[in-house]
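The letters A, B, C and D name the chains in turn, as written, and every chain counts its residues from 1.
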Amino acid sequence: MTIVEKVEVGVLGATGTVGRRIVRLLADHPWFRVAEVAGSPGSAGALFPEALAADDDGPLPESVAGLRLRDPGQPWSVPLVLSSIPSAAALEVEAGLARAGHLVVSNASAHRMDPTVPLVIPDVNPDHLALLDRQAGRWSGGIVTNPNCSAAGLAVALAPLHRRFGVTRVVVATLQAISGAGRPGPPAGQLLDNVVPFITGEEEKLISEPGKILGRIDGGEWVPAEFPVSPSVHRVPVSHGHLLAVSVELEDPPTPDEAARVLAGFAPPDEVRALPSVPERPIRVLDAPDRPQPRLDRDEGEGMVVTVGRIRPCPVLSLKFSVLSHNLFRGAAGAAVMNAELCRARGRVGSGAPS
Amino acid sequence: MTIVEKVEVGVLGATGTVGRRIVRLLADHPWFRVAEVAGSPGSAGALFPEALAADDDGPLPESVAGLRLRDPGQPWSVPLVLSSIPSAAALEVEAGLARAGHLVVSNASAHRMDPTVPLVIPDVNPDHLALLDRQAGRWSGGIVTNPNCSAAGLAVALAPLHRRFGVTRVVVATLQAISGAGRPGPPAGQLLDNVVPFITGEEEKLISEPGKILGRIDGGEWVPAEFPVSPSVHRVPVSHGHLLAVSVELEDPPTPDEAARVLAGFAPPDEVRALPSVPERPIRVLDAPDRPQPRLDRDEGEGMVVTVGRIRPCPVLSLKFSVLSHNLFRGAAGAAVMNAELCRARGRVGSGAPS
Amino acid sequence: MTIVEKVEVGVLGATGTVGRRIVRLLADHPWFRVAEVAGSPGSAGALFPEALAADDDGPLPESVAGLRLRDPGQPWSVPLVLSSIPSAAALEVEAGLARAGHLVVSNASAHRMDPTVPLVIPDVNPDHLALLDRQAGRWSGGIVTNPNCSAAGLAVALAPLHRRFGVTRVVVATLQAISGAGRPGPPAGQLLDNVVPFITGEEEKLISEPGKILGRIDGGEWVPAEFPVSPSVHRVPVSHGHLLAVSVELEDPPTPDEAARVLAGFAPPDEVRALPSVPERPIRVLDAPDRPQPRLDRDEGEGMVVTVGRIRPCPVLSLKFSVLSHNLFRGAAGAAVMNAELCRARGRVGSGAPS
Amino acid sequence: MTIVEKVEVGVLGATGTVGRRIVRLLADHPWFRVAEVAGSPGSAGALFPEALAADDDGPLPESVAGLRLRDPGQPWSVPLVLSSIPSAAALEVEAGLARAGHLVVSNASAHRMDPTVPLVIPDVNPDHLALLDRQAGRWSGGIVTNPNCSAAGLAVALAPLHRRFGVTRVVVATLQAISGAGRPGPPAGQLLDNVVPFITGEEEKLISEPGKILGRIDGGEWVPAEFPVSPSVHRVPVSHGHLLAVSVELEDPPTPDEAARVLAGFAPPDEVRALPSVPERPIRVLDAPDRPQPRLDRDEGEGMVVTVGRIRPCPVLSLKFSVLSHNLFRGAAGAAVMNAELCRARGRVGSGAPS
């Protein structure tokens, strides 16, 4: 594939925890160039770096440090907008952008479960992008979404098992990192010598999203995978990296060794593997009995590789294992960038500005 | 019940994390008087307080501060010994004490699954104490055990549900406190910005112990409850308090409200409720959507009350909820003391020194 | 002293981190009865417990659980108001209450350095209360303040040294707890695997307040102690308890042993010692080489005793030591309650409602 | 400088926290090749990666992954040995190596204050290397040391100030990371919701080492800088990065701005700057009021740049500021590697194996 000219993209929600990582990932991207950034309406006009609080992700690359924040409500001039704004706002704002002809690649949950909106992980269900055709009469542009940050890791780990052995039921407990809560996130006093067994809205997403992602497109329609997921979510004092304890029932249960081989061998189709941000092998299987661990394993493959360990029989369902994925990369910013790449590769991004 | 004279007891493993809490709980106990304490063989002769590293449980009560550590291998003069030594040593040492005529109330795992050894939580299965009779030909004394620190909370929460609705399968993820690992416990570097999905030997105990505790005594024999338990354990940076995310399948599934009523209403029989360390209501049900939390709820009922929250339907099994119990009190030291009390109340403690 | 009738008091800022602890401390107080509570203006009308977020300080005592929050701007009917509102608001609100005839005992910094306002720690400088007379023409009521939460511990530790050996210079580094920042406090992400060498406005208070507290009243006027303090403050991931590393230059330098004796022997005058919340010995000296530590020592004397350890020569100034005090009790809520007690004992509290 | 052939080096203590970082830093080093590694005597024979516990520094580079651990007591074949063994062992072991003709570059404290042993930070006092000549009659090889991990950051920050303004007294409080304690380091329970105001032996090193480093060589003899240092050390729950709050008295006190310029402008001589591991500018001055912070700033310049912030007047001494340096790189492994480089550049490393 030869891509001669970089596509200009906009980033909506660019000053948030996820947005700034999207900007970073795009800063030296071979296919995209960040041309417009917007934060909250009140921040319009400020130089991008000045709108950012001191942070743990360091100074911005030069290519974006000179950008000024635009008013998110004013018309955008780019064909492609990556959005990571809060879901309450996303419902209308993203639909408005799609109506105005932009392709919106969104990390927000607002449109994820809309039956005409693709919920895509490129190395898992790239063909779902075809749902964009169902948006034709509705918007002149379109909306593509990526999953919730803990559903992302779960879906990647379930995908090869589902294809090969048929997932029928899933029980999952999560230990989720602080950065998954955005800014400012939970107060320090809450997570000192403590863990919290609740995150607003999180279990609902873990219930609904995996079935959409692992479903299939049939006659242009989305047909969900029909397995129930039972999540119990927890916030733990970890900076980045969501850890999941998964028990899964399978139609045709493999041994742990077979499962490990299938997980480790999971590879996206060549077309997807050629996308700049998709790892060669999306899953790394660890043998050590006490892995994966957030601090040790979250950065695997620059945060895009999901690590799986402790694969063993489940005496209640079929198989049990631990899954770790970086909530900001595989689970959010990187997920959106991969989706933008898939859209570009499949010719879903218009070359000029929308009218 | 009138108890005129205090029973003299010994504490074996008195310098450990659990042992010193046992000593504290017994320091002003209405029925018992700590007469002998022993740590490791090398510590014999030292004044008890001097053998303790500076600690977070403060200075010792006067009634025990003057004791000297004895050689654990020398004959004991007390009828009752509470033991919290490492399991590898416990197998022989505790059997030796039982052979010498002592009643051993043990927190160690060594003898827990022995079919002639009662594994007892007084407010759950006090009748299992009858298994002591099966030890008659074996030892002139006897051994009674309490469960593992995370199995304890699980068994208490399952007990009323099992009786009323019939537990058939359990999936449980644990988030366990540091103090459950004893001294020195995991290094600080391991649990800073991290959680660890493994604790040696812990899942095995969560698999085997609940079925023993919730089993029944039939014709003097122990008949286990036959439901599989599938645990996934984690160590988290919390000082005290093990949190469990439990999914349970029930023969006759209740609504969450019914389950909450049954859990909150769970009360031990009068004989057990009269024991000094048994709480009036062993379970407290919390309504707030984000409870129980270790730091906020572990000290409920001086660490002897198990808190349960987030009771909701499980889309895979029947019911889902969170359980929190203090690993050092309900899960270890308090469990042993309750067992000693039950033994005393049922006349299982000889009045004099064993021969 | 016989106090027949309890004085009715109001608590302003009752829903904050400090205010709720004041309410608790007063709930069963022998001299005071909480009759009125107010939070922010918007919270007026709510039942007090309902206005409180779930918290680590547990359910409220019955005696105050039935109170409703009043509008803080409406006239109060009590003679004495304890205030712990933010300083920006305190400047006017507290002056208004004093003008209306109330005695205001304030934890806010707004009026602390006002030369006519006493800045009092009862076991250190009770005679400073006489400054109230200087407020006569200004307000029909009055304002009494207690120090900043880290200045409090420093002033208590310096007081006996200053009297006996003459403090001439102080260098102090602080390691301050999260709860010192009120609600919500710093975000969890900021203090995970991190410490922060800055707290807004804190160093200014450590510079100015000790000299006021250790100054003297001469002819009814306040004369400050004239020693410079050089602070370097840090926020650390500790829930409660401010730890200070103090180097002090003394006119007449003692040996560490002499200093330890003077510190441990420090006792308030009998009149002050009779106040319900003043500890018998305000300072406890610890011998262990690695104490005081926040988690182990902050609760000494129900958080009202300051612990001092590591007393040793300072090769640059004269003497060096570590000081720990509970920021919410000795440093805030308890400090205010002691001041209210001192005011009551000295007849500074009117018996009826102000006109 | 043209270096055609890599010098073969040995690493003693290669399995420890510092040693493995030395190995990593040398793995692709332009001047050195790791030819021999040794851990504890008991580990001899094992493949190097197998002797390492799972760790936070990831898999080893290929160039060293195939090495086998040698018996540290057997003769070494390399001219240069980098040592990071415990100081108790280092006294004899390192002297033995020096006697056998090796040049030992040591991170251990054993020989640091020996008047004939250079204590060197290449970008601060490279000329101290000349002290090696004083070892001539003693050993056929030699010993060069680098400072303690917190003294390193202090000495770098003081160096340009001392040269220009004359340091006369220093008060310093440290907040030190866990990894400074090596393995296993403090237990997790000790540093959860806690800080500890003591580290064995640390204050002694902070008192003695800066004066040696900032001293001068006069007629081949070491003449120490004669300013007292008064340290108060603390262990805090931070993984890496020692933070220091420094108050310094200067003969000719600058304004904070002047001090900032001098610190930021500090540059080693060209000969030293050409060493592969020496940063262009050893100090970075930060303007933000709340920096440096360990998590945000420790990795500056791959952990070799010291960050300084909060430069302000000290009302007791002259100037006050915060210093942060990575304890494992600038403070240990990187310090040793820089010293090895300096030795090589100055022709202090023999080309063949010692006899």
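Everything that follows uses one rule, which is that a contact is a pair of C-beta atoms (placed from the backbone, for glycine too) under 8 Å apart; a residue touches a chain by one contact, two chains touch by 3 or more.
This structure is a prediction, so every number in the text was calculated from the model and none was measured.
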Going only through chains that touch each other, what is the minimum step count from chain A to chain C?
1
Counting residue numbers used by both copies over all numbers at the interface, does the chain A-chain B contact come out same (over half shared) or different (under half)?
same
In whole angstrom, the CA-centroid distance of chain B from chain C equals 42
Could you say which residues in chain A touch two or more other chains, in rising order?
56, 192-193, 237-239, 290-291, 295-296
Touching residues (chain side chain C, partner chain B) in the complex
54-56, 192-193, 288, 290-291, 295-296
If we count contacts the way the header does, which residues on chain A are in touch with chain C in the complex?
56, 178-179, 183-193, 237-239
Where on chain D does chain C make contact in their complex?
169-171, 173, 175, 192-198, 207, 228-230, 232, 234, 236-239, 243, 245, 247, 249, 289-296, 309-310, 314-317, 320, 322
